[in-house]
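Since the structure comes first, as structure tokens, the remarks are kept for the end.
By written order: A, B, C, D, E and F. Residues from 1 in each chain.
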């Protein structure tokens, strides 16, 4: 049985894996049909005929993760670093019977490389499910407060 | 020495097969580009499908000039300077909207018709015999001197100088034609939303990259190469994911790009993908061909779809991709700052799947979160820094250069001819020879 | 062309009823304003109640020049450049404080009397026969050339050029007089704290706005209009909240502002509210009138309180509101950057309620969190952008312009005469004609 | 009976309402005599004869909220967006008998409009009371770490 | 007036015992410094222990020029401009690494040997008869004109102008010698990591501070003074903590600094601590002296260790501290922006405790988190602001000035002679007199 | 007996003392042999022969605290202010028997002075121990996400 505490702990752990650059372990947090979505518009609902900043299945996420390790990945020479700061995640849906858990988390994301440091403010929504006793990500949605602004390169994961 | 007053110094920046780094790094050159290049050439403003109804407007910039595109009562699209004739307040501040029959300035409520003409001023008595009537202010929001709507693509030229629209673009319009013709209804609609990507580099580096066919297999090995590799390791699941279909051609062989060919036109325009392109082998979209045949007949439909131009550069700062219905606008902000806008289109009357693919392409290749984008930006920004080195101020554009090469020609796809072609047009405008 | 070496080019920027946008956007013009306008005019530094005791100091800027105002042993307020004569270190870095009898430089401990003179240097032997004695350094912290303390208001002029204090301000001092006279004790004290608001626009836009009577009913409808509406919807609770009493007059009719009148003076000074103002109808403050009568007698007290000037502009960059005991200083930081400081005063000997209202006014109208402020800043910053449009470089100041209008006059309250008046003074200084 | 958890949850909910631009619901969180105060000085105690950045009763707050909706509110064309990130609120006073609850919360506030993004660091102090079983705000005090700095327009609510 | 075209104006900036503030604040002067000073003097690049093996590289800047230092197959250290001859891309973007036998440009895969020469280009056929062969691009990555490796310290001079390495540094090399000789093995290794501290001030303020002996007892009372006081209050626990041993000498008496002496050399070099320094009284490191005696014999070992130079300035922007094996590089970024890099060294063959002390020193004195650093930065940044005051544009360097003082001399430790010496060299380069 | 809640509360309290500039009380949170360490490198392990940004025992920390009060501490005229925003601290080690408690905390640190405001993103690791019933800091380690970047003056404590 999943507890609310575990749901919250999962969200903290997910961010920490990213900050510690343990990307392979991070990938394993997703279900096979899991997805990472960063909409382009406020309150966006359509994913197919409306553009998104990111809308990636596990294949695409793995491509990113492998690329980060690549010896010819020049945009990562030197490496970027990221830092997540989460507000206490709020469990909006807690439905063990349906194995559906939805968590809303205000966050700041800092990505830095060489002398540059950028801060992004966003809200993450995690749709989680229970796969043989372990929580997995069905969908991680990240809404930037300024999703419609012009951005420089965002190379890691919010 | 100041470039402003020294045409020879400007001329000396562009050699047969080299350009001086000042064209990328010098602030004065950038200022002159705004005055002499972006003011005297036909610059893309927007697409008229963004303002379908009377009163609809869209705000943007031409060079650094704030302008707006608005649909007048008579259905004509006007381009106006976004500036109140009273104290200079920007009239419209949102990207787009509908202003009804009038624009109203938020500061003192002067109002203007959607063709820019002054409609009303509060307390008009206060302006009697003040000279206002004879001033430019009385003429309202100044319209941009020349505009041309070509099959929905709205271009503008700010000054009297420079050639007519037809003379300026000539045959290059065939690329827009092909993109529009790909709609069974012969119409495009901006759709899906625009991706905006900020670059700390000169705008020309981006334009040059559009026809740079020797970098994908090197610079994009990290993204496209990894994509293919990961897909292979996964056992090449079929149907081939759309993403892999889009990534894979980026790491095609040199031979592929050599054979693709590059065509150059007068005035700095040109395109890659004369015979084929990275867009040639996308899987068919059910029902689309039938729609095209119904609209154009088999032969013409085939002809339209067999055209697989890769990137067409409309000098100075627009690139269009007909086969994938996408355009990129390279907006110069400073010598070392450029905003890239990537816009996508729906082929009216065609299956949604085409727009869906266009959006996937845009997201994977042109978004600030795109790995392919990361590859390229790294190169541009490194060049912006590297060019500060004084020891060798020259940039090499020698590849496949031939003395006296014609302006208009078709060459091996790996030539740097199109970049040379751009700079030859560039220098004509920068020294004021482009009548 | 450089404005620095071309007086005619500068002159051409100001027409009878128009000004060229370069006065707001050009970096060179801004630099010249620092050298020719802010150095040669009488600029407000601070109020002597900020430095009540010997050794008290207050640090600020005149144009971009770092200065400090300090009370010397003899009780006189001195204005010194905040710069050590040794290596240039700023002597005082805090906004205010008490330095005792000496300033001591934190770098090498040179010390100075509060009139700026050099008091001591460590190891003085090291300076014998070195030329220090004959250098400017030996004279200590350089005092600002001219200062004048007018009823507590300290002004300074950095150079020898320009008119005397009296010639410069002339009759305009009557507005300061009225503000001071409103104290039964005839004294003001800075009180409550200063609100500091950063603007991304040229400083002159703010100064012009002080006498711009055609914008409130338009630009402030969103704030003042909503305030009145919300209060009405709430059933007009009585007594009318102070906030509503303050907001409401902003959306008075054009007629109200026309009748209010505007007075212009020599050298770019002027004020709105000749007959009445938005401050006329504030509810009475119990006991205050009695205090005034006791201090001045009935007739004089009435005369003082019947004066309801709205905004008085002391050219170049100070505005005072006598009836509400508030001043605003528009500090130029760059062509497109201005810091606005809004200071409030206590009428010595008057009820606290007056200061309380002054503070409510300042918070509601001048704070970076003020909705009225948001209305205005939006206009300024839109204008700073809109003025980049080259097509029409002229700003219209035609309203109620009459050929050959006199410098000093009283006009319909909606005229733009005062803005023209400012620019006529501006150009005299900018071309160096203001002896 | 109000629990500490409810007091903390209330503070999170208040910030979320602001981020979701549900300003009318947000207003209802205040008591009739409720107040929003943003001092100008560190440790400021006086509200009457010392200036503040904001010191607003419900009438003034309602004016702001209505203004934000106004079609002629040009400073909100386009709209500003805000984002709160709260550290776990600390309950400093928990006095059910007196129906007084005081909560101290470190926070970051991001306000963005067009291409601009500003970050403000502050501490919020919520004085709450219990109105027929529901928590209400008597006073929300926001102390900026740099309250004495010069600011550009702050258009929404920290 | 433009300094670029007016040698007399530049000359007038430097008087016998004063300099004009423009040398610190003027953007044009900074640009000229890059062209005339940093390009024509021998500037420190790095230490060859940073690139021990073939293919090892280190990227840095000389003035604003991007360069890299790389060890070639033959063991020689080369300094190359970090810029691809094709389109200008920075070849190496990481601070350090190993590139193997070749550098490969990430954009189009041109490759270069570690001496900069062009090794290969993809599709070389595309360059036949294009003029590339005769272009500078064909020569690969441009090497810096002159480099000199002095006992591991690599210096470079970008142009043909200026004196030879020996003529330029002359006797001043004795300070490097002493630092190297302190290694029983006669070798240094960069160790521990570099501390990087950003300053909003002109680079020269930092260089001047290195021989400014009248500020420690004043500016550092807050840090060093407090350290001693806290230690005393704690009952002077023994052994004296290393930190206290390091802090305490900063607040030595004026007499201490007067007696220490300052030596000046040709070309702007010089050092404090002729007879003794703040490093003289550090407690002995067990075993070290024995190692030195074994390596050099007693007499020479003593001679080496008795040399206690404090700070040696290698004009324009390097400072070394022999006795504590630390160097500081003052990298100019803009007229008002300077990056300070503080590097530490291991004395090969000496006890770790020496490196440990060096690191403690660096952390306590030179880190952005260092209280001593905070003291100094406050002075520099206040001066950068204070120098904006126009009233007195002169900075005083009078202390112990004597008319006709010789370039090379030894003086009272509190003299400002070394700063004058720097400016006399500075002006020679800035007007182009330094053949 | 120390509880997990107390360990977490301790970390919050420590940050609050800094923000409230109660530096003397803050110092008392350290054990006599306590230490404050800010490494220069990512994942740094060596403190002796590798440089650090800060590596201070109680003596050095006291010197800083006393200096901040000094009337001739010009770099604090005017004063700097700091603001901590902590993510919920994660208790990585909870070993009452060994009296060892290790807490990992993502944090943002804002330091401001005059018109300048800098934001630093870091992870703090607190090694705590129990000294007669009260928690004390054995080691506070602060890892900046961009520890290898160039910094301006950092005058207070992360």
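Simple rule for what comes next: contacts are C-beta pairs under 8 Å (C-beta built on N, C-alpha and C of every residue); 3 or more make two chains touch, one makes a residue touch a chain.
All of these numbers come straight from a predicted model, not from anything done at the bench.
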Checklist entry - Both chain C and chain E are touched by which chains? => result B, F
Checklist outcome for this item: For chain C and chain F, the touch-path distance in steps comes out at 1
Next on the checklist: Counting C-beta pairs in contact, which chain pair has more, B-D or C-D?
Outcome noted: C-D
Checklist entry - Measuring centre to centre with C-alpha atoms, which chain is farthest from chain E? => result D
Next on the checklist: As a quick test, compute the distance in whole Å between the mean CA positions of chain A and chain E.
Outcome noted: 45
Checklist outcome for this item: In whole angstrom, the CA-centroid distance of chain A from chain B equals 33
Next on the checklist: Centroid from C-alpha atoms only, then distance chain B to chain E, rounded to Å. What do you get?
Outcome noted: 47
Checklist entry - When the C-alpha atoms of chain A and chain D are each averaged to a single point, how far apart are the two points in Å? => result 29
Checklist entry - At which residue positions does chain B touch at least two other chains? => result 93, 106, 219, 378-379
Next on the checklist: Where in chain F do residues touch two or more of the other chains?
Outcome noted: 72, 74, 85, 87-88, 108, 119, 149-150
Checklist entry - What pairs of chains are touching here? => result A-B, A-D, A-E, A-F, B-C, B-D, B-E, C-D, C-E, C-F, D-F, E-F
Checklist entry - Which residues of chain A touch chain E in the complex? => result 72, 74, 77-78
Checklist entry - Mind pulling up the chain D residues that touch chain A in the complex? => result 12, 15-16, 19, 81-88, 108, 110, 112, 114-115, 117, 119
Checklist entry - In the complex of these two chains, what residues of chain A are touching chain D? => result 42, 85, 87-88, 90, 104, 106-108, 119, 121-123, 145-146, 149-150
Checklist entry - For chain B, which residues count as touching chain C in their complex? => result 39, 64-67, 81-91, 93, 106-109, 122-123, 126-127, 129-132, 135-137, 142, 144, 158
Checklist entry - Mind pulling up the chain C residues that touch chain F in the complex? => result 93-95, 106
